[in-house]
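Heads up, the next two complexes both have chain A, just with different partners, chain B and then chain C.
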Partner chain A sequence: MKKILTVLPVLLLLTGCWDQAMLNQTKLITAGGFDYTKDGKVLTTAAVPQSVAAEAGKGNIVNQIFSASGNTARQSRLRLDRRVAERLDASKNQIILFGEDAAKKDIYQLLDVFYRDPKSALNAKLAVAKGKASDVISTRFEEPKMSSGVGEYLRDSIISAEESATVPKENIQTVCPVMFDPGQDFALPYLEPLKKTVSIRGVALFHEHKMVGTIREPLSVTYTMLTGEKHTIAMNTTKKIFKNKKPELMNYVTIKVKKNKRSFDVDVTPEGKVSAEIKLKMKVIVTEYPSDNLGTPGEVENVEKRLSKKLTKDAQKVIVKLQKMNSDPFGVGRHVMAYHYPVWEKLNWKEVYPKIDFKASIDVDVIGHGIIE
Partner chain B sequence: MTFFKKPKKLIQEKEAPIQQDSPQEDNSKDNESVTVQKLSLDEMLTKVKEPFSATEDLLTHEIELPSDKSRIALLYIESIVDKQLVQSMILNPLFVTDKEINFASFKQMASIDLKKHTEIKQVQELLLQSNTLIFTEDTSCFYAMSTPVKTQRDITEPDNETIIRGAHEGFIENLSMNLALVRKRLKTPRLTVKYLQVGKETHTTIALLYVDNICDPEHVKEVDKRIKSIEADAVYTPGNIEESIEDKPFSFFPQMLSTERPDRVAANLMEGRVALIYDTSPTAHVMPVNFFSFYQSVDDYNKRWHIGSFFRFVRIMGFFIAMGLPAVYIAIVSFHFEVIPFGLILLIKSSLEDIPYPPLFEALLMELTIELIREASIRLPTRIGSTIAIVGGLVIGDAVVKAGLVSNLMIIVVAITAIAAYIVPSNEMSAAVRILRFPFMVAAATLGFLGIVFGFLILIFHLCRLYTFGSPYFAPIAPLNLADLKDAFIRAPFWKQNTRPKDVTAQKVDNANHTRKWDKS
Partner chain C sequence: MNSHTITHRQLFFLVVQTQIGVGVLSLPFSLFTKAKIDGWISLIIAGLLIQFSILAIWKLCDRFPQNTIYEILPKIMGKNLGLVFNFIYTMHFAFISILILIMYNSIVGKWILFETPHWVIIFIMAAAGYYFITSSPREIVRFFVLVTPLLLILFVFILYAYTDVHFLYLFPVGQAGILTIIKSSSDAVVALLGFDVALVFLAYTTGTPAKKIKVISFASFCITVLYAFIVFTTYIYFNPEEIVIVPEPVLYMLKAFSFSIIERTDLIFLSVWIISVATSFISYLFITAKGVQTLFKLKDHQKGAPYVAIFCAMIAIIPNEKLEVLIWNKYISLTSLIFSAMFPIVLLLIAMLRKKQEKGAASS
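And now, the complex of A and B:
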């Protein structure tokens, strides 16, 4: 008993602080960016919000931007740490940006560090920036003066793009298994920095670990629909369904998708020929239709028909683009692998995918037209 | 382990000599009483007064009866005897009657309180219990009449166990009144009262209460045995008894439920438990109890059962908050801040940024301050108490933050913790929880969440191992008894509570609560 009584306080006093991570002695990274320098080194840029006033709630947030280069992502982080007072911590990171050049090289090499660290923020968004990631992060944006910094601003921009179905929902964790899947690829939001704002321009498509191309904004909504996203808060799209009405805006209709049902078929003929087809059945609400008179008989059917035609055309465009880029985000390869493994084993998917017969069709059903007819 | 066994051995060693001693004592006293019978009245009085040395409140009244000129002597202790009673019950009947009266006829017409005694060794005890003794010339016997001075206060609601609805009666410092309060609620012939006396000099009376046909006789035997084994010159408070008979004297947890509410005692007696009521103290002890007994309040049973259940649940949550919240806070800000949601982290970080010392020290400082305020407010009279509220609330709450000594968040944590600790209906349990929070804080500061997990593990080990008077303390969780959970985490409706808790091993498990039979037809 005496032994225990002496050992206990000694143990308590001797523990020290070897694994402590004090909140008030850390600098939280809220946004991180990766680029390559001209001599091939990794350039890491990090935004660290620093609250100025102590009064909670009224705190004015000042973003500090640090950057450092190193041979690897981790080395550049370590060098970054040396330039910053207190310890840098990425566990509350909101977004990781890749410069377009870096994304075209290989993003896994840069992400590796996040998958190894148990404390890393796996729910951080990933995005590809047009130009350099460091430029986007160090931009003095108009909005973040009010909120808590670049990281939150960029993350919220992406979330709002996800809600409008412009980009698919992805983060560090969701991308990981797909990245290593030979039968499937993924797409990330593609940002373009404007002077004082940032604009989500569409999606950047990947093949394996490399970015292979982009699908720009109105078409990227169709892309998100094709992924089978059931419905988001505001899956809106505006389509031109007439050609010669005057003024020009009379040609357009805006719809909001309420329900999106996808059937995805992959067929393999006995000879080993792969064909795929995506069929979407969408229930939509017309949210804008300047031509009006949706109440007249046949008008709704007319709109439905034209919309279906237009959307099918768009979908086909998306698929052609994807096949050209050799990016397979819908997982045709995964289907082949799962249901026709002997065929899959014989195929060199990288070469076969761009040539397969891949069709898409979208069938629109208007179920509402707002509170007026 | 060895640490806990040692005291038990000591008790066993001590028990043996008592049994050897007591018969000898009895013999000597018997011899004395035999010799006394031959004494005259005067000699008798001197003999009787002898042990009281020179106390001046022991009075003797010698009276010559007008009828047969025989002498009688009244003996009483002035300070504890109601003189009015002596006058009206003894002197008046003897003198102020029309008839000529002698002592023999007085005996017949005197009240039921007049008792004949022959053993002179009882004199001391009777005198000290507010009796007036009547000695006659026939010294072979004497008479005693209970003439206690009425010094009891009113029956009021106990301040430390107030409720919103239900009886507002509480025990007082008078044993017979306390027993009356319990009997009033349990009008059953099976309610048994057993008087025990403790303290060689203080002769404190303890009443052991149980319901004969419900209570497990083993419990009664055990309590009886433990109380009888107490050997002390003086027993001042129920706390002395509690510490003498509880199972694990080193545990933080109270192992007997102390209450000042007769309704709580009555309800527990009907569940098959045993109660101890003490003379000169308003506190009663109930045993064996389990952990959840301390979280039950009479109020629960007077509310609608959903609401009662909700508040029961809130109290159990209060247990975890009071014990764990400061520890969790410390663990989060010094080890695992990644669990804080992003929207909150900058807020927390900015309030912590300029605090000069580690969170553990910050928390200890504030917790100790709260305890200081609490302790001060207990001791101070209510009129000065408001000063404490101002000093404690304004100065410490506000100024400490503005001075940058403690973070805003710490104040919130400490305040919530303090409130959660006082939510417990039992003061003892509340104190236990408040003390336990400190080891948890240290554990959190050294090992983070892991430390808290270790802390709770040790706590649960302890609770599961703890037995009080042969009943598991952590029942109905360990050993698990699903049926008994109906009065632990929640408060099931009255018509569902138709079994007695298993852990008290009552003779009758079914308590025949079939109160909604009319609804079934």
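And now, the complex of A and C:
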């Protein structure tokens, strides 16, 4: 009994009260956006979902949008804080958007706050918005009006795009090692706000900390295939493989990738010339083929051949684009650095990369076609 | 005396729990600043080096069965010099306890409790330490055995990093040069400290000498492997250019993971890690209290325990800036290297030269 009595006051002392964060005193940001104003200041836009008490069980969510500018990302956040009654908290942030102009300047400088703050949500998604990020965040989207905030809506759109392989899987932390790597670059989803929805238009490619260009859908699917993303996601793509069938729709085939085997070779000749090659071996299922004649092996082979040819062409297009932008998301430079370090030290990779001999080929193997021929 | 003894299996858990401590979070970073991407090799070398210290400690204690370092020192160095060295060793262990408190405070203050005053964080740990060291070694070790399964949680969390790793970051292996790699292993030795508690706890251990050396050696081996795994994982998770700005890579890595129920994995990891810190702290605080008992000729170590705990907590409050913490860390690490890793070898040599040996001890 005496022991229990001594334990009781200890229990009272153990619950400190310094580090409490009251939920009713905070406003949780679910989406943040960065733009630059005309005079070079950082404009932060934040969306805070606020549920409006309606009848029981029918909570509607209203998105409150705040924005403020400052010399740095943190200053603009602090100014934002002053405009809002409660304290703003970004620890449940779902997505960070960069306006295209902001992305073209330097995204690391803006992200520094998130890397530094122990409470920030490092698993928030990153994306680049066509035009201004503030426009995307403040658009009144149709879907999220009722059920969820804009942050959740945007995040879910990106996740669904990731699952269909339109964009690579990235978050604040996963881009960080790559951003620092002199031998590799990364890509982020590229969004475009339509009137009442948001559309994921492809990927925005980066070089070092700057955005250097975009690859639009459907080529962006080919891009994701080339990164060697595993087949666990539903990689779907529709390709035109015939030219003159009527009606037009008969020329197309839609496939779903079941297995994606990637071999990536980087060669350095004794003279220091770098060449790279990506070879993909894909096992696919035909999910749409209006011509309906996959009965004979010859026809299947024909489709395979045409698909391989078309996809290889697309892959080559992607590579040419990447080299033009001087973005190296497949990490050719990293391979050179890892296996041919003396050569790497001599090279000025930024100048060499656009000129290297970089090939890609995709070999398709149809392993199924649904339940009809 | 009977409830004071521990079995050699318990000794294994004692050494394991003492070795895993504050060092694990920042070890990849401190190794990286010296040996670059080859830090994990330094760690393995350090793991081999400490086996020599362990051998020396065991041999030394084997010559004086059931004697702690505080009883051995006067026996091999003479009464007066022994007293001086007893004092040095007591202070040395006290300062390791202090360093543990300082590092624990700085990490908890930075990662979880931003607003809580530092003295509260430190005194809570010191109070827990005090409570534990009033018990017998057997009771302490039982607690250590009890919490060891928690290490699996830490391991599993770190394993999750393999969903996003870049193996190519490790290449080319050996770019730092062999000399740098060997030099930086001294930093790794500091992180692996903890086997030195054997200097006291071996006296309480039952079992044949061969069994004792096996468990200490094996415990250190396990920890070396675990640490090497952790360092290796962070090196392939972070880019070499990035790791220089991340002082606690392990936590940072976990912060990025989130599961459907757990959003901040690093907080779960920290809560488990605090127990590991507490176990190291308890071990060192216990042997400090033992030293105080010898110095002041107290009847038992419990008498000195509250003063020891308060002394450690008071000093641990002093450094309150990041740079000060770094300086304390640097100097205490240096002294630990000398007294825990190197000096036992010297002591053994002295004992062998002067042919000091307790009667009844198995002659070698």
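Everything that follows uses one rule, which is that the second predicted complex is superposed on the first by the 348 of 373 C-alpha atoms of A that agree within 3 Å, B and C clash if a C-alpha of one lies under 4 Å from a C-alpha of the other, contacts with A are read in each partner's own complex, and residues count from 1 in each chain.
Keep in mind that, in the parts below, a contact is a pair of C-beta atoms (placed from the backbone, for glycine too) under 8 Å apart; a residue touches a chain by one contact, two chains touch by 3 or more.
The structure presented is a predicted model; accordingly, all values stated were derived computationally and were not measured.
S.K.: Tell me which partner A:122 touches in the superposition: chain B (first), chain C (second), both or neither.
M.R.: Only chain C; A:122 stays clear of chain B.
S.K.: Between chain B and chain C, whom does A:24 touch in the aligned arrangement: first, second, both, or neither?
M.R.: In the superposition, A:24 contacts chain B only.
S.K.: Of the two partner chains, chain B (first) and chain C (second), which one does A:202 touch, if any: first, second, both, or neither?
M.R.: After superposition on chain A, A:202 lies in contact with neither partner.
S.K.: After superposition on the shared chain, which partner residues are touched by A:189: those of chain B (first), chain C (second), both, or neither?
M.R.: Neither partner.
S.K.: For A:1, decide between first (touching chain B), second (touching chain C), both and neither.
M.R.: Once the two structures are laid over each other on A, A:1 reaches chain B alone.
S.K.: Go through the superposed model and pick first if A:94 touches only chain B, second if only chain C, both, or neither.
M.R.: In the superposition, A:94 contacts chain B only.
S.K.: Figure out whether A:181 sits in contact with chain B (first) or chain C (second), or with both, or with neither.
M.R.: Touch partner of A:181: chain C, not chain B.
S.K.: Mind working out whether A:213 is in touch with chain B, chain C, both or neither, as first, second, both or neither?
M.R.: Neither chain B nor chain C is touched by A:213.
S.K.: Going by the contact definition given at the top, which residues of chain A touch chain B in one complex and chain C in the other?
M.R.: 19, 92, 121
S.K.: Using the touch definition from the top, list the residues of chain A that touch chain C in their complex.
M.R.: Touch list, chain A to chain C: 14, 16, 18-19, 92, 118, 121-123, 171-174, 176-182, 331, 334-335, 337-339, 341.
S.K.: Okay, in this complex, where on chain A does chain B touch?
M.R.: 1, 12, 15, 19-24, 26, 28, 30, 49, 51, 53-54, 56-57, 59, 61, 89, 91-92, 94, 119, 121, 148-149, 152
S.K.: Using the touch definition from the top, list the residues of chain B that touch chain A in their complex.
M.R.: These residues of chain B touch chain A: 2-3, 332-338, 340, 342, 345-355, 358-359, 404, 408, 442, 446-448.
S.K.: Using the touch rule from the top, collect the residues of chain C that touch chain A in their complex.
M.R.: It comes out as residues 110-117, 120, 124, 164, 166, 168-172, 175, 237-242, 255-258, 263.
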